Every structure is written in structure tokens, then in C-alpha cells.
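Presented sequentially are two complexes of chain A, the first with chain B as partner and the second with chain C.
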Partner chain A sequence: MSTDVLIDLLQIIMLTLTTVVVMLVAGFKREHGLVNVLTTAGLAASLLVFVFVDPVLPLQATELLYFDEYSLFFSALITLGALSVSILAYPYFESHNSHNEEFYILLMTATLGAVVLACSTHFVSFFIGMEMLGVSLYAMIAYPVHAEKSAKFPLEAALKYLIMSGLTSGLMLFGIALIYALTGTMFFNEISPAIEAQDLASSPVIIAAWLMIISAVAFKLSLVPFHIWTPDVYEGAPVPVTAYLATVSKAAMLAVTLRLLLISDAFQYEALMLVLTVMAAASMLLGNLLALLQSNVKRLMAYSSIAHLGYLLIVIIAAASIPGILSVESMGFYVAAYFIMSLGGFAVISAISNSGKELDMISDYQGLFWRNPWLASVMITVLFSLAGIPLTAGFMGKFYVFTNGLQGSLWFLLTMLIIGSAIGLYYYLRIIYAILQQPGKISKQDPAMQAIPFGTHAVLGSMTAIIIYLGVYPMPMINILQSLAAAF
Partner chain B sequence: MILVWLMLILFAGGIGAWLSESRGVGVPRVIALVAVLLDLALVIFMLLAPESIGLTPVASEQGEWLVLFQADWIPRFGISFIFGADGFSLLLIALTVFLGLISLGSAWHEIKERSGFFYFNLLWTLAGVIGVFTALDLFLFFFFWEVMLIPMYFIIAIWGHENKEYAAMKFFIFTQVSGLLMLLSILMLVFLNYEATEVITFSYFDLLDNNLSGVLGMLLMLGFFIAFATKLPVVPIHNWLPDAHSQAPTAGSVILAGILLKTGAYGLIRFTVPLFPEPSMAFAPIAMTLGVVSILYTAKVAFAQNDLKRLIAYTSVSHMGFVVLGVYAWNAQALQGAVMTMLAHGFSAAALFMLAGGLQHRIHTRDMDKMGGFWGVAPKMSFMALFFTVAAVGMPGLGNFVGEFLVLLGSFQVSITTTAFAALGLVVAAVYSLIVIQKVFHGENKNNYQFDDLTFIEMACFALMMVGLLWMGLYPQSMLDMAEPTLRSLGVAFP
Partner chain C sequence: MIDLLWLVPTIPVIGFLILTFSCGKLPEIPAGIIGAGSIGLSFLFAILAGVDFMSMSEAGIHSYSQTLWTWISVGSFEAGFTLYLDGVSLVMMFIITGIGFLIHVYATGYMHDDPSFARFFAYMNLFVAAMLILVLADNLLLLFMGWEGVGLCSYLLIGFWFKDPYNGYCARKAFVVTRVGDASMALGLFLLFASLGTLNIQELMVLAEEEWVVGSGIAIAVTLLLLGGAVGKSAQLPLQTWLPDAMAGPTPISALIHAATMVTAGVYLIARTHVLYELAPSVQYLVGVIGMITLIMAGFTALVQNDIKKVLAFSTVSQIGYMFLALGVGAYSSAIFHLMTHAFFKALLFLTAGSIILAMHHEQDIFKMGGLRKDLPWSHALFLIGTIALVAIFPTAGYWSKEEILASALTNEHGGYLLWLGGVAGAFMTGLYSFRLYFLVFFGKKTHDGHEVMGLHLQGPLVALAILSLIGGFIHIPVEEVFHAHAEEHHVSLFYQAIMIGLPLLGVLCAYLIFIKQKLDVEKLAGSGFGAKMHRFFFTQWGMDWLYDRVFVFPYVGLAKLNKKDFIDSIYNGTASFTRYLHSVVIETQTGQIRWYTMTMALGVLLVISIGVFA
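Moving on, here comes the complex of A and B:
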């Protein structure tokens, strides 16, 4: 193994090292604060690796991992998400006076899994990453189950996620097995040549295999009709975990999916494109419509995420007919924007919740603007960004989706996008309106008036700043994305 | 650069007002006043003595620009900051800043809660509108188009009246969704231009020579038209307006009626017709019919209102019908008339909303059936009401008359039938306007309301607007001359 490989692997080594250290420390000394600081420091250190270490790119490090700017971008995003979740988790779990330390080990292993996904160009690492992420998440979702006053339904949520994920893994493996049986390869980039060489493109088995893989992916991305678990899991899981699920797990899955579809040339299958189109339209429409009926912010965010993944799917579908470089750029922007705004939103929910009591009903946010203007401003910025209003990252993301849809002439999907956005405005505005209203009675015990720890402030502040920065001056981000998209 | 300063002063003033909120009600409003006055001073210099602040008009084939500012923004998509002002924009900028001052006057004693945030929103709306009137990059234009919405939404949602949630939501969704259609059109236009010339650009000047026609051109034109027609508004997409106007606080109504509606008309004149000349000409008969329907239908609906602010809101739609008529007649007189109507209506509607808001602030109702005999209680207010009502009806000697007369004169050359029906609007206008005077100021004071007459600040605001309307009515040439070069450069033939 050459030093180049080691340098590229440094971020993963940092994460692994942190996992081991956290595990050992938690084994010897049970102290929530210490473990949290170690985890946060470890994640921050692996984030610094991206800044200070100049990796050799692109490089195949072992058969399973592939490093290029694309994988580094998504790895950095994932690490940033994990770092924020770790910071948010401390005040959240501090009131939960049982064993909090294992949570951070799970957080680290999940993050490792997500990073493996971002660096994967091989079905084995795809599967390993997905399972590492998934298995850690089952336990993270159910984490506060033994607490006396726990979050509402962690066990139900975890079980649902477990069963659905089990099914997903089965489907995924079957799909991989079929592809391997026909082509004899697990490398994404060798699939297409092998299929061409044997003239298998119209073989029903190949199409079935792709459909299985796409269904598995759709489960993880919660696209309609594979979305049913999403609201329950979002609502049942503790807030930091919901934030993790909404951001890291989705971004990792999207990163590997786009790479898989682009380099294995899966767009040639019309059946696959049809399925994707139907899923995109249904997700945009159903996600937005069902979000209208919610009175719980976490459930609402779940449905809104379904809709947003529907918008993103437009980019993936358009990739069939437009240059890959634009799709990768658009996808990177949208994922980053969505990532940041979801994190910001969940950070607000987390700031006024703890494992004893979660404030996640829309009525809990009534008058937040008068009780805590800072939290309210962050939430309003996030909601405007989710709704795609200019000045925010969400608008630039939507701009990219529009551009892709136009260039790919996807008129039907664009119509759905406009209808979906119109409906979306209504429920985002409903929360904003609640936030702006006069509160009824303000009590001293009001959770929104309590002091917020410095770490949470840092997360809230940086997410808001990034949302506005990306919305007003996106050029630096676009330059980064263009350089990483050049490989496609 | 001076245009950027106009906006920066307002942006900074808004932030300053918000930050100073904890120092009481007085400080934010003084900061806001200073910012608006600074802007007003700049605008006056630009109007009267452009040379003294180093401005020299640039004449090019795309018109005569007093100021043109250009800088890169997102070169990846050919998006840049292009701000420019010619005579037409400058008139509207002056209107914006002036009415900004008036709206400050109407908020002075009315807004007591979170006044810092209120003035923040007020100034940011004004800045957004100035952005709309000066942006010459389609992306930038869209950006400002949406930016002026958000603070207005806050103004309605926080400081509005009893039914504000519904009104604010409706306002936002109508404008935002129609805006999305425009965004789609803009992107499509840019994309088609890219396919034809291999250059990706959002610049207004580059996109002007697109030569689109046929179904595609029509569809793209409609994307723009719907966005602007919603804002203007034109029947049948007008019905966000009565709610938004009646629920907004006084300063909000003043800005909505006085300035925000004009952004729609500005968009039609600056973007829709010049970008799509052929489809627009094909569409003109329909648009003119819609204009006439707006004039007559909303005049009738206005007559049926009990709510004073709703009534004035409907009359706004009716007057904006003349603007649509003028724009789509597309000749020198009609367009000059449309521009005059925009300016004059900005004054008269703002004044009427300020009166209605002032009444509501004093007697806590907008229901005209409860009012009556106020001439005895508040003679100054009643006189002002009479003056501005008569102005809105189109009394010769005041600005509105010049505007509507020119519109009718121009559209007569295009379509006699349409013009005949539109002229009926003048008659109906007298009916719905005089009923207001009769119900509110004449008759018997049934509920025996007693309240203070206009304050000094209010009197000052009304006096300023009176002078403005008289100026427009007696010496309209000064404004017509400013708008003329712009209209010429848009391809209008002047005799």
C-alpha cells in the first residue's frame, strides 16, 4: 500500500480512530461530556483533514474505495453533518440520565458507513456502507427507549425502520446478484461494457435487477411509493437522529446512486426511466399534499423531504439527456443546500427540545418570534429556503432543477414541480405565520426562553450563514462543484 | 453605482432600525426617516442636476441611460449585476422613494409593536422595488421581484388586521406562483438564446433580439404576462388584492397600492412587450379586453363594498385596467397615458388608503354603514378625502385625468369598441367614488363617533401629495418628456 493511498484514506482513518477511542473511553469512564467532546473533536479533526491535506486524486484505494473530488465533497458534507449532530446531541441527551455514551459510537459507525458510500464505485462497498449506516441507525433511532420520559415512539420507529431496511437490503442483494450473474463484475464502470459485449441490454433479467436496485435506493431515499416509513420514523426518532437521517443518510445514498447511474449508463433502460419519472411526480405531488395535513413539524419535515427528493429526481432523470457535468453540479448544489437547510431546521427543533420533552407541534412554535427572535429568524430562513425563495440556498437549488428540467425537456415533471412548490408554500407559510403570531402567555419555564448552549448557537449561526451565502453569492460553491463534476 | 447606493442606504437603514429596536419606538423610525430622506436627496439630484453628482447620460442603441452599472455575479450562468435607469425608471424610483416617505408618515403614530422590525421590512420592500425598477438582468430582476415580497408578507402577517393570516398567505402564494411561471419563461428564453448563439446570458439587452414567435413565443410571453398581470392586477387574477390591501396596516396599503402594483405595469412595458413583440401584438386584443373587463367589473364590485379599504382596493384594480389598455394599445399617446396613470394613481390611491387607514386607526372599523357625518367631526380629513376622491375620478387639472385621457386617446386609434367601453369606466368611477363621500362624510353621524382631526404629520403628507397631483395635472409635459426617450427606444413611434 503506497503512501498516496494512506493520504487519501486519512479521513476514513481519522473517523475509525475516533470510533475506537470513543469506544475505549466509554468502556472505562462513563462520562457523557468527555465522550461528546472526544467525538466532536474527532469529527472536527477529520473535517480539517479535507482542508489541510492535499490528497492525490483520483485514486483507486483498494478495490472497494475510489477517491476523487466527488467522493471528497460528499465525505466532507457527511462529516460536517455528523459534527453538527454530535454538537446538538449533547444538550439533548444530557437530561436523559442513563447511558448516553454508546450513542456516539453508533454515530461514528454510521458516519463511517456514509463515507464509504460516498467513496464507493463497487457494489460490495455500496452494500457494506449501506448496512453500516443502516444498522447503526436502528439503534440510534431506538436510543432513548429506556429513558423514563423518552421521546414519543422510538421503539416503534426503530422497528419500522429495521423491517423496511431488512427488506431493502434483500432487494438490493438480489439485484446485485443478478447483475453479477450476468456480467461477472461488481465495478460500476464495468457493467455497461459487459452488457454491451454480451448484448444483454434488452434482457428482462437486467431490467429486473436494475428495478430492484432502484427500489432499494428509493426506500432509503423515501420516494413515493416507498415512503411509508418516513413520517413515523422522523417523528419517533430523537431529534438529533432525525436530523442525521434526513441529511447524512440521504446525502450518502444520493451520492452513490448518481455515480452508479451515471457511470454504469443505466439511463438506456426505458423501463427504468419510466419508473423514475413516475416516482418523481408522485413524490412531488403526494409529499406536498400530505404535508398539508400535518400538525407536527417533524412529520411535516418528513413529507417535505419526500417532495424535495422528488425535485432532486428531476436532476437524475434529466441526466439521461444532458451533459453529466451539469447533472453532477446541480445535484451537488441541491444536496448541499438541502443538507444545510434541514440541519438548520432540526437544530432549531433540537434547541428547544430535550430527550424528556420534544416540542415538535406547530402550536409549540406559536409566537416564537416574540419569545426568541434568534431561533425564530433561523427557522424562518430555513423555511423560506425550503420553499425556494430567493436570497437563500434553496432558491439556487431550485434554479438548478429548473435548468436541468428545461434542458432535458421534462415538461410534465416541471409542471409537477410548479404545482408542488405552490402547495409547499402553503405549509411552510403556515409555520412561518405561527412563528410570527403573538404568543398567548409567556411563562418563565418556556423552553424557548432558556439559555441555549454555545455549540447549538454555533450550529444555528453557521447553517443560517451558509444558507444565505449560497443564496446570494453561489459562485465559489459553483466553482468547486464544476471542478468535481469535470470527471463525469 | 448611485443606484446601488440608493438600495444600500435602504438596506443598511433597515438593519439599523431593526438593531435599534430595543431603544424604544422613536429611534428606529428616525433611522428609517434618515435613510429615506438620504435616498430622496439622491433622487432629487438625479432628477434635477445629474451633472452635479457626476452623471452623464449614456446614449446607446438601447436607449438613453442616465446610469448604467455592470458587474459579474454568477458568471457560470452569464448572470451579472446590471442596474440601469432611464427617464421612465427614474420617474418610478422617484415615486417609490416619495411614497416611502409618505408611508413612514402614516406609520409614525400607528406602529407601536416591534417598530424596529417594521421599519426594517418597510425599507427592504422599498429597496426591493428600486431593484425591480433598475435591474436589467433577467435573473437579477426576478431576484428583486421576489425579494420585495418577503418583507411585504411580514408587514401584512404581523401588523395586519383581523383576517391577516388568510390575506398574507393569499398574497404570497399568488405572487410567488405566478413568479415561478415567469422564472420558467426566463430560463426557457435564456436556453433558446443559448442554443441560437452559444452564449449563456441573462442580460436584458442580449435577450431583446430573440425573434421568438409562434406558439413557443406566445407561451413564453404568457409566462411573463401572468406574473405581471397578477401583480397589477388584472381580472381574473386580481382577487388577492382586496384581501391584502384591506388587511395590511396603513403603511403597507400605501406601499402596495402606490408602488407594488406599478411594478407589474413596469414589467409589461419594459419586459413583456419588448422581449416578445410579435406574440404581444397577437395577444393585444385579448389583453385590452381584459383591461376593459377589469375597469368595468371591479368598478361594479367596488360599488357593492361596505368595507372602505376593500372599496378603494377594487377601484385600484379598475384604474390599473386603464394601464393595461394603454400598454397594449402600444402607441405614443396610450403609453404616455399609461405612465401618467401609474404615477398619478400612485399618489391618489396612496392618499386614499392613508385616509382609510387613519379612519380605522381612530374609530376601529372600516364598515361604511357605521360611518356618517364625519365632515362635522373632522373637516380637514373630509376635505382631503374629497380632493383625492375627485382626483381618482379623473377631474381635469389633476394627474389622473391626464393619464386616463391619454390612454383613451391612444387606444381609440387601435380599437374603437374597446375604448368606448373603457370610457364608461369614467362614469362608473364617479358613482363609486361619490358614494364614499356621501356615506362617510355626509349624512348623519349615527354612532356619534368623535375623534381627532388629521395630525400635522398627516397634513404634511397629504399636502405633498396634493402638490404632486396638481403638478401632474397642470404641467404633465415635464414627466412626459422624461418618459419619451425610453418609450422611443422601446420602439414606439412618436409623431
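Moving on, here comes the complex of A and C:
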């Protein structure tokens, strides 16, 4: 193994090391603060490692992992998300009168899985990464199950996620097995030549295999008709875990999916494109309709994520007919923007919640502006961004989606995008309306009036700053994305 | 220092931002210091810029422009955030910041103990900033932004004590009526842009002179539309009805916005675009006629009012009528000159009236005052100075400017005996109603005790304004270069001179005979059948409000009532309820039951694969 490979693997090594250290420390001494600091520091260190990794790219490190700027970008995003979640988790679980230390081990293994996904160009690493992420998430969702008083119904959520996830893993494996049986390879880039060589492109088995893989991916991304678990799991999980689920797990899955579809030339299958189009349209419409009168903010975020993934799917579908560079650039931007705004939104929910009581009904946010203007401003910025109002990152993202749709002449999907966005505006504004209303009585015990720890402030502040920065001056980000997209 | 010109409008904006974001938590003293101090600083920078400008002027450069940034750039159209300083905007800038500063200082005393002290100064600062943008703008779009900004502030400040619904009504009335004028002005701007392809004022003047024929249709249309904006803002016929109601605001507002600065914006606009008006002589004559009729009508109305501020309000309408008269006869520099002197003495009168109102515990009815000269010696002296300046008694500031206007009305080619006679008659009316007010307040039988409210921040600005009212006529305003052709001296024969000096004095004498010597029983006259009718007619602004209610307001309200259930709304409401219905359908799928969830998964896979394989 050459030094370059070792350097490339440095981030994964850093994450693994942190996992082991955290495990050992937690084994010897239960100390929530210490474990949290170690985890946070480990994640921050693996972010810093990217500086060393960058010069030696791109490189195949072992058969399973491929490092290039693309994987680096998504790994960075994932690590940033995990870092934020780790910071948010401390005050949340501090009120939890049970053992909290193992949560961070799970957080680390999940992150490891997510990074593996982002670097994967092989079905084995795809599956391993997915399962590492998934299995850790089951436990993370159910984590407060032993607490005397838990905020939600974590066990129910975890069980639902587990059972349905199990179903999709089977589906995924079946699809991979079929492709392997016909082509004899598991490398993404070897699939297309093998299929061409054997003239299998119109074989129903290949198409069925692809559709099974896409269905599994669609489950993880909660696209219609595999979306049904999303609100229940989002609601039942503790807020930091919901934040993780909504950002890290989705970004990792998107990273590997776009790479898979682009380099295995899956866009040639019209059936696949048709299925994706149906999924995109249905997700945009149903996601927004489901969110319309929702009174729980976490469920609302779940429905909104269905719609947003539907928007994103437009980029993937357009990739069939426009240059790959633009697709990767657009998707990178949208994912980053969605990532940041979701984190910001959940950070606000997390800031006024704890493991004993979560404030996630819209009515809890009534008059937030008058009780805590800072939190309210962050939330309003996030909601504006989610709704795609100009001068926010969300607007730039939506603009990209629109450009892609126009260039790909996807008129039907663009119509759905416009209808969906219009409906979306309604429920985002509903929350803003509640936030700006005059509050009833303000009590000293009001959670929104309590002191917020510095770390949470930092997360809130940086997410808001990034949302506005990307909306006002997106050029630096676009330059980064264009350079990493050049590989496609 | 002239390159610091941008600070002049910026500092009030900063003051506004600080005061606004203090969310009313700022105590009175710092709020007052920020509010008045920002205008003071702004005045200081205005002086520095002015000194530089004057030395530039001596060197032969008569204008200065400073581009801060490009505001809008669409196709060939570009509007910069560009400030333009020449003689006229310099004078306006000094009036706004200087008089504005004095009024701000006064207001720190007047608004003492008001619960919304900081809000008051926030609005005031915003107003000053908007007004400065209006006069410093180098293109009409930016000017329009300032124009609308001052309109907004005027609305906010008239309705400052919004807890009384009547004040809200007055604010709304002012806003809506001036909006009629603003719509006309906006149309004028569109037409100008469509015809000449730019909105830069200096370019427009050059282009218009090159491309338009004197008296052509386009020149008439544009100037008429701009005139619509000007009469709205400056409360001239037929849009003058809002100004008296605007007196519902705190008195410093009446002094700053509704006497010294904002209401003169129309005069400024016409002076600024005077080249266009010269291309449409008929419209220019109309400006003069509007001014003349307004000044006489307002004079009659002022004569019968019983609210001290309303008398002053109608007097303002009347004095702006003089400025319009001057514009109409092409005496632009006289109009700007009168604008300045009027700002001095009318601000003085309003602020002194404010002191009187404070002393009388917010009593504004002049018939409940009377005999106050002993109780309120300060106010008495200051009010007298303001009044003689208003009446234009030699050699106060008002005399010089009004004399110039009347002389131009007589000698200028656009003028004539008609306009002159109107102006002179107005001068008589001014003497009569001003001294009626003065005598009724300070002489006669004492009915209520007054108690002078003293303080440096109250009397200081008043004394400064009083001095300006007395000697302000000797200030030379450097506007020759802007209105180059129109700076010649007027020579009128001694006969006319005597009339112009004498008639105001005659008005004063009449007022003396009627209200002090009681030679004429006013009450009896007002009580008689015809007299009562006339009194009522004058008192209600010649029935204008009544007429407008019948012609515009009632039919409009009727129409609105007819279409209460707007049928177009039902399209939107229908869309909304349809969406809600769809939501109620799809939300049924979220049962929370895992058996149903897994089934949807299985069905989904089946669906996906069958689409793929069979399609």
C-alpha cells in the first residue's frame, strides 16, 4: 500500500480511530461531556484531514473505494453534518437520565458508513456502507428507549424503519445479484461495457435488476411510493437523530446514486427514466400535499424532504440529456443547500427541545419571534430557503433545478415543480406566520427563553450564515463544484 | 470635503437604523441625542460640502455629481444612485438639514415623556434622509424614490398617535390624496422615458430642448402629468384637501414636513424641470393660475378657521400658492427664495404655536386662548416676528421674497396684471388672517391661564428661526447658474411698489379694527343668514371635501360594496379548497400501521417493476 493510498484513507482512518477511542473511553468511564468532546474533536479532525488528502487525488484506494474531489466534497458535507449533530446532541441528551455515551459510537459508525458510500464505486462498498449507516441508525432512532421519560416513541419509529429497511436491503441485494449474475462484475464502470458486450441492454432481467436497486435507493431517499415511513420515523426519532437522518443519510445515498447512474450509463434504459419521472412527479406533488395542513414541524419537515428529493430527481433525470458536468454541479449545490437548511431547521427544534420534551408542534412556535428573536430569525431564514425565496441558498438550488429541467426539456416535471413550490410556500409561510404572531403569556419556564449552549449557537449561526452566503454570493461554491464535476 | 456629500443623506439613515433597532428600549436622552445629533452632523457635512461647492463655483464649475453605485441597469436603461449638487439642491439641502436640525432639537423638548419617543425620531430621521435623496437625486427615478419615501414618512408621522382613530384617518387621507398625484407623476416619468430614453435630469433637459417643439403635445402631456404630482405633494388646487387634516400629527411634524420641507417638493420638482415647462407655455401659465387661485382660496379659508394649526396650515397652502405663481411666471429663483424664507418663518410660527399649545395643555382652539401676551412673553415675541415675516412687512425675510414674486408677476413676459392682482389680493388676505390669529391669541379677554414651558432646547431653535425670519431676506441664494436666463433685476415703478408694501399693512389694519377695536361685529356677521352660509363655505375649504366625497369617495365605496364577494377571489379560494381537499385524501394513507406500510412498499415495487418491464 503506497503512502498516497494511506493519505487518502486518512479520513476513514481518523473516523475509525475516533470510534475506537470513544468506545474505549466510554468503556472505562461514563462521562457524557468527555465522550461528546472526543467525538466532536475527532469529527473536526477528520474535516481538517481533507487538506492533506486533496493534493493526491484522484486515486483508487483498494478495490472498494475511490477517492476524487466528488467523494471528498460529499465526505466533507457528511462530516460537517455529523459534527453539527454531535454538538446538538450534547444538550439534548444531557437531560436524559440514562446512559448517553454509546450514542456517539453509533454516530461515528453511521458516519463511517456514510463516508464509505460517498467513496464507493463498487456494489460491495455500496451495500456495506448502506448497511453500516442503516444499522447504526436503527439503534440511534431507538436510543432513548430506556429513558424514564422519553420525548417521543423512539421504539416504534426504529421498528418501522428496521422492518422496511430490511425489506429494501433484500431488494437491493437481489438487484445486485441479478446484475452480477448477468455481467459478472460489481464495479460500476464495468457494468455498461459488459452489458454492451453481451447485448443485454433490452433484457427484462437487467431492467428489473436496475428497478430493484432504484426502488431500494428510493426508499432511503423517501421518494413516492416508498416514502410512507418518513413522517413516522422523523417524528419518533430524537431531534438530533432526525437531523442526521434528514441530512447525512440522504446526502450519502444521493452521492453514490448519482455516481452509479452516471458511470454505469444507466440513463440508456427508458423504463428506468420513466420510473424516475413518475417518482419525481409524484414526490413533488404528494410530498407538498401531505405537508399542507401538518401541525407537527418534524412531520412537516419529513413531507417537505419528500418534495425536495422530488425536485432533486429532476436533476438526475435531466442528466440523461445534458452534460454530466452541469448535473453534478447542480446536484452538488442542491444537496449542499438542502443539507445546510435542514440542519439549521433541526438545530432550532433541537435548541428548544430536550430528551424529556420536544417542542415540535407549530403551536409551540407561536410568537417565537417575540420570545427569542435569534432562534426565530434562524428559523425564518431556513424556511425562506426551503421555500426557495431569493437571496437564500434554497433559491440558488431551485434555480439550478430549473435550469436543468429547461435544458433537458422536462416540461411536465417543471410544471409539477412550479405547482409543488406554490403549495410548499403555503406551509412554510404558515410556520413563519405562527412565529411572528403575538405570543400569549410568556413564562419564565418557556424553553425558548432558556439559555442556549454556545455550541448550538455556533451551529445556528454558521448554518444561517452559509444559507445567506450561498444565496448572495454563490460563486466560490460554484467554482468548487465545477472543478469536481469536471471528472464526469 | 465635497466628496463626503454622500454622508449627508447617509447619517440620518444610520440614525434611523439605530433608533429602529433599539426596539423602543433606548431611553429618552440617548434617543434624542442620536435623533437630533444625526441631523446636526448631517448639517455639518452639508456645510462642508457647501463651502467646497462655493469655491468650485467661483472657479466656474457649477455642479457636482457623485455616483455611489449603479442602482438599476436593464438594457439601455441605467439608473445610478447618483447625487447631484447644484445651486438649487444646495439651498434645499441647507434648508432640510438646517431647519430640520432646529426642529429636531425643538422636538426633543416637545415630545418629552412621549412613550414612543425613539419611534418619533426614527421616523423623523428617515424623513430627512428621504427628503435629502429627493433633492440630491440626479435622476428622476431616484427622485421618485425620495418622493415616495417622504410620503411614507408623512403618513407615519401624521398618524403618529395612532391610538386615536381620527389621526389614522387623517394619515390615510394624506396618503391617498397625495397618491393620486404620485400616480400622475409616475405616468409622467414613464412618458418621459418612453419619449427621451433616459431619466437623468440634466440629460433630459438637454434632450427635451433639442427634440421637442415649443407647445408640442408631448411637452404638454409630460408637464401636466408632472404638475399632477407637484400639486398633490404641495397641496395645491385641486389636491389641497389633505394638508389641513395633516395637522393631526405632532406639531414639530407640521413644522418640518407640512410647512418647511416636504410640501415644497412640488415647487422643487417644477423648478428642477423648468426647461420642460418652458417648452409648454400653456401649462406653465396654468401653474401660475393654480398658484393664484389656491393662494386666494386658502386665504379665505384661513380667515374663518378656529384651530391655530389649521390657520397656519391654510396659510402654508396659500404661501405655496405664491411659489407656484412665481414658477408660473418663470421667476424660479424667486420661488426657491420664497421657499427658503417661508421655511424660516413658517417653521417658527408652527413651533411657537406648538409652545402655545403646550402652555395651554393641548388646547388648539384660538377662541379659547386670548390675552396670552402677558402669560407667554416669549411665545408672544416670537410669534409676532413670525407673523410680520409671513405678512411680508418691510424688511423681514418674507417681504423680500414676496416682493420679488409680485414684481416678477408684473414684469415677466409670462406674467400679467391678472396674476399680479391675485397675488396682491392674497397679500392683503395674508395680513388680515395672520393678524386675526395674532390678535385673537394674544389680545382680548383672557379666558385661560397659560404657562410658558421653558428650556434651551425649546427656545433656542425658536430664537434662531426668529433671527432667520428677520434677516433671512438678505441671504443670497446661488441659483443664477441653474436658472441662468432668469436672474435679471426687476424694476417696478414706485406706484406698484407702494401697493405691494401697503396692502399687507392695510390687511393688518383691518384686522386691528375688527378684532381689537371691534368696529365690525364678526359674530353678528357670521350669525346672519348669508354670512353664516359664507362662513360655512369658507370654513369647509369652499366645500371641496364635500364635493370630493360625493364625486369620488361615495361612488367608489358603493362599487366596492357591490363587489363584496369578489368573483375573481372565488378562483383563488377554489384552488385553495381543492388543494386542501387533496391533502385530506392523501393524508389518509399515513395510517401509522406497519402492515399497511409494508404493503405499500410491496405494491410500490410491483408497480415500479411492471412499469419498467411492460412499458
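What we mean here is this: the second predicted complex is superposed on the first by the 483 of 488 C-alpha atoms of A that agree within 3 Å, B and C clash if a C-alpha of one lies under 4 Å from a C-alpha of the other, contacts with A are read in each partner's own complex, and residues count from 1 in each chain.
Just so it is clear, a contact is a pair of C-beta atoms (placed from the backbone, for glycine too) under 8 Å apart; a residue touches a chain by one contact, two chains touch by 3 or more.
All values reported here derive from a predicted model rather than from experimental measurement.
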Chain A as common anchor, with chain B and chain C clashing or fitting: clash
Contacts of A:361 with chain B and chain C, given as first, second, both or neither: neither
First, second, both or neither for A:414, with chain B first and chain C second: first
First, second, both or neither for A:37, with chain B first and chain C second: neither
First, second, both or neither for A:200, with chain B first and chain C second: neither
Contacts of A:282 with chain B and chain C, given as first, second, both or neither: neither
Chain B versus chain C, judged by how many residues of chain A each one touches: C
Segment of chain C that clashes with chain B, given the candidates 19-27, 397-405 or 415-423: 19-27
Where chain A meets both chain C and chain B, residue numbers: 426
Chain A to chain B touching residues, read off their complex: 370, 384, 389-391, 395, 399, 402-403, 406-407, 414, 418, 421-422, 425-426, 429-430, 432-433, 436, 473-475, 478-479, 482
Complex interface listing, chain B residues touching chain A: 73-77, 114, 142-143, 146-147, 149-150, 153-154, 157-158, 165, 168-169, 172-173, 176-177, 180-181, 183-184, 187-188, 191
Partner chain A, residues of chain C touching it in the complex: 579-580, 582-583, 586-587, 589-590, 592, 594, 597-598, 600-605, 607-609, 611-613, 615
Chain C-touching residues of chain A, taken from the complex the two chains share: 159-160, 163-164, 167-168, 171, 204, 207-208, 210-212, 214-215, 219, 225-226, 228-229, 231-232, 269-272, 274-275, 278, 286, 289-290, 292-293, 423, 426
